[in-house]
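Order of writing sets the chain letters: A, B, C and D. Residues in each chain are counted from 1.
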Amino acid sequence: MSRKDWSIGPLHTSLPGPMHMVLKLHGEIIDACQVETGFLHRGLEKQCELHSWHAALFYADHLDPEGAVFSELVLCLAVEEIAGIMVPERAQSIRLVLVELGRISSHLAFMARMARSVGSETIVHYVLRDRERILDLFELLTGARVSLNFLRYGGVKGDVTDGFIERVLDVCDLIRFRMKEYNDIFTFNAIFLKRTLGVAPLSVELIEQAGITGPNARASGVREDSRKGSPLYQALEFDIPSGKSEDFFAQGWRGLLARTSKGCVGDVHDRFLVRLREMTQSIEILRQLVAQMPLGVYQNTSIHIDRNYPIPPGESYQRMESARGRLGCHVVSDGQNFPGRIQFSTPTRASLWALPQLVRGIRIEDLPVVLASLDLSIAEADR
Amino acid sequence: MDTKLVTRLEKILRGKIIRITAFGKGEYPSLWLEGTQMLSVAEVLKEDPLLQIDRLENLSAVEMQEGIVLSHFVYSSVTQVRLVLRTAFLPVSETDLVQAPSLVRVWSMVQTFEDEIGELFGVAFDGQVPQFNLLPEQVRGLFPMRKSFVFQMPEAQFYE
Amino acid sequence: MMYFRRSVFIALFWYLHSIVKSSLSIAGSCFATLPYLLRIGESRKEVTDGYPDPISSKTADDLPPRSRGLLFNDIERCTGCGDCEHVCPAGCIEVASEPGAHDSRIWVSVFDVDFSRCVFCGLCVDICQPMSLVHTRQYEGAAYQLEDLVASFGRGQVTEEQREKWHLARQRLSAPQEGA
Amino acid sequence: MNWVFLWLRALGFSATVPGIPLIALACISLFVILPSCALIAYLDRKLSADLQARVGPCRTGYRGMLQPVADCVKLLQKNSMHSQTLGELLWMLLHTMALYASLAAIPLGSLAMMVDTQMSVFIPFWSALVLALGTMLLGLGQYTTPGWLGGIRTAAQSLAGTFPSLIGILCVGMHAGSFRWSALAASQGFLHWTMFAHPFLLLAFVVFVGGGLVLLAIAPLDGGLAMSDIHGGVAVHVTGRQLALFQFGRFYGFFIWSVMTVVLFMGAWRIPESLRSWFLALDAEVCISVVELTWLLLKTYVLMLFILWIARANPRARVDQITDFSWGVLGPLALVALVGTAFWTMV
């Protein structure tokens, strides 16, 4: 059999971002693969150290293009813990509304990439059309669609207008209705099942070895979500979705026939299902948040943006559950008006490290599907 | 910082650590260690039946007065205990590497953190020279994240 | 023999079952997209927004009030303090000011915003006390030359003798207090 | 080629104008193949636009009608970046041979058919095979890994597709008694399609269409030439005019296969007898050929658009799944259909 080496360069239609892979092919089966990233290293953390504390917030915003809210929130939590800033109730629930909307928009972007890798263009357009509704919400509240830059230390930049609350409820119903449509067209489609069941299962040992967190880990049955422990989510009840290891059935009459061949736990279809279920969870959380939105000040008025606004010396490490996994931020401040050190520990790094072991033995045509299913964000891994 | 955990740590790590302080606002303890003791302390923490620290959450490097401080944020998935191991290494000069022990044998997920810190801070873990894939050519070897590296915003060239 | 026959029929049944199931699922997906073909219901209309179309495309005032478009600086109210220049992460604002005809008047000679580097984060607008720097909702900022991307709101350099005149005026204003 | 004489006589030429076959070939390709290629390209884009909640081409001409022309001109004005390698010259020769060799044997109506031999059903079948051979040579001739993978996949897929579609043709031949186009058409009426003659022929229809999709790697089963994973497979380095030839070759295969399906299964160009006799009474044979041609092309377009609709709504299968589907599912079904038709015609 002919053995070929093939290097898929940084710019390739099926890659989720600029990463360079050298594949050792044995016919169509991939024997080994070597991943090299670093094309999107922008020196984010060094830039944070050069500018004022508020400019650092802006840089945190650009850590991950799709999930801008998560890195902003984790930096705000860390700095608020150092400086002992009290965040009013209303600001916290506004932040959580933004986080859950960001999670739904990131999962919709994941579904678009997944559908494109499998070749179903129709679903790509449906999913991106529904994601537009969420980006419109972001623009209405914060003024920008992607890099929101809306969180400030001690609260939020602006208040929630009441028109926003109704729009959030409308978007929740719209997404709920649309997901039933996605299930009919795509999720339990025979060809999609054939392409994804039993492909590249992520074993629990590999998860522990690589430190993978988030939906990729939950799809393989590792029930661990850092939202459960965090104080922000105390008042909300939601459960942690996991792959099809438990009851798995397809709705409607096709469900009776869809005794799908049970692909193993943690395969590509599981990772897809987990994110679908997380979207429903996020919608429930949004509904609870919007229902009990407390009144009051949206920002701790004692803090105002000033060019020499010092943070007392100290350090802190905060973590929260972003759409891709556990995002941690270690902030060190030595008392000046610019940060001493801001370091982000991002979830994509672990998936990238586990990629060579995951990809061994799959067919070359399944490579884009596996890459899309891991929801890699190279901007987040390279920083 | 619950005292039971601190006494347990002092008992099993007799003499190997310099001091135990609260990390940040004091949720969990941070252990200041000698560079040479890192590996043995890590193994002890991992095998200890009561603690079973088997996961590493984050390894971050900060350049403070004591030099480059490596802080390993470790936790146990079994007993939900969280710890921070702190070690400091003084860089001799601006452009040569700092030697530090690598903990890949104890916590395998540390590998990616070590590669990146090796490249940005110039720390050679277990003597391996960092292979550069993050940095562009002209900055390799200058270790940009160190305080000594002064960064100038490149002038915006207006092309004719 | 019996064992062999039974397993063949089971295998045949599951073979036909998988054929029927997958063809039904494929047909199901097709008919699930049928409403889009026949445009049934409001939620299945096309959503393309023909941008340069004069009728259907969004203009500046369709955007929500807080959207952060190109910057505009009202030079009358601007005090030339340079806060925005300092806080800007992209370092794209350049301010130069001189003392004007009398102490309270400041002549902001240069106020350039380089939109080739600006990222519309809104920090400069938040930090501006006199509220002279605001976000307009204009978003069409394309230009052919890199220099055209620099929007300058300054009043322009002051000629040498103009500066001399102001200098004398200031002295005259401050001198009589000492004289009287 | 009697229809050519009709037209010549209608235009007042004498019957013995030299080079008549060339004129006929040019007419067929210019007035039938190219317009249907443009029409299907436009309808496909508009249909998938409706399907995907977007507007589709609307800038070129009224509601984007001139979009196929725009595409064609765009491609034709570009030349390929690198000089033609030997492999590509061979491929272009094979491709044009496949395109124009079987032009004479396309069944376009009772009078508009140029060649109607005993084995005329197998001539377009042969051109589909040569198309697949050409694509494989194009892929292998590029000496790049995506080209190599694409070439091997096209070969595997076309082999897998020939077996069931060949048996599908045999079923119809057995039912109609001969492989001549006119005999096949004669065995069907305006509403009496062989597809509904008996269930085994319906099975043969499904197998024939499925085998054709696999053989020519048409939209729903184009795993071999998929754009996403190996960046277009064989067509990685094909740009400009060659890409136009490549795309036209793929459309030509799809069009030929649909015309064959309509003629074999879906009541080829048979128009109702009353209409036919009314035209004969008026001695307007040209009108008969025109109406038959439009009815045949109408059914072909509907079949093609139905296939494209399935392609747009479903994801794309992998090549090994396509070949398993072809060998594992279409093959046995084809044999069942063959045996069934044999017994049915015997009874």
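In this section, a residue touches a chain if its C-beta (ideal position, glycine included) is under 8 Å from a C-beta of that chain, and two chains touch if they have at least 3 such contacts.
The shown structure was predicted, so the numbers you read here are calculated from the model rather than taken from an experiment.
Undergrad: Find me the chain with the mean Cα position closest to the mean of all the protein Cα atoms on display.
TA: A
Undergrad: If you tally the C-beta contacts, which comes out ahead, C-D or A-B?
TA: Output for the comparison: A-B.
Undergrad: Taking each chain's centre as its mean C-alpha position, how far apart are chain C and chain D in Å?
TA: 50
Undergrad: Could you state the distance in Å from the CA-based centre of chain B to that of chain D?
TA: Chain B and chain D have C-alpha centres separated by 66 Å.
Undergrad: Take the average of all CA coordinates in chain A, do the same for chain B, and state the distance between these two points in whole angstrom.
TA: That gives a centre separation of 26 Å.
Undergrad: How big is the gap, in whole Å, between where the Cα atoms of chain A centre and where those of chain C centre?
TA: 23
Undergrad: If I count partner chains per residue in chain C, which residues reach a count of at least 2?
TA: Touching at least two other chains: 26, 29, 32-33, 47.
Undergrad: Hunt down the residues of chain D that sit against at least two other chains at once, touch-wise.
TA: 51-54, 312-314
Undergrad: Which residues, counting only chain C, touch chain A once they are in their complex?
TA: 17, 20-26, 28-29, 32-33, 43, 47, 63-64, 66-68, 83, 86-89, 119-123, 126-127, 135
Undergrad: Touching residues of chain A toward chain D in the complex: what are they?
TA: Within the complex, chain A touches chain D at residues 4, 6, 12-14, 25, 28, 115-122, 124-126, 129, 185-186, 189, 191-192, 194-195, 363-368.
Undergrad: Flag every residue of chain D that touches chain A in the complex, lowest number first.
TA: The touching residues are 48, 51-54, 145-146, 148-149, 223, 226-231, 312-321.
Undergrad: Would you pull the chain B residues touching chain A in the complex into a rising list?
TA: 23-25, 54-58, 60-64, 71, 73, 77, 84, 108-109, 111-113, 133-135, 144-145, 149, 151
Undergrad: Over in the complex, which chain D residues touch chain C? Could you list them?
TA: Touch residues, chain D against chain C: 47, 49-55, 58, 309-310, 312-314, 329.
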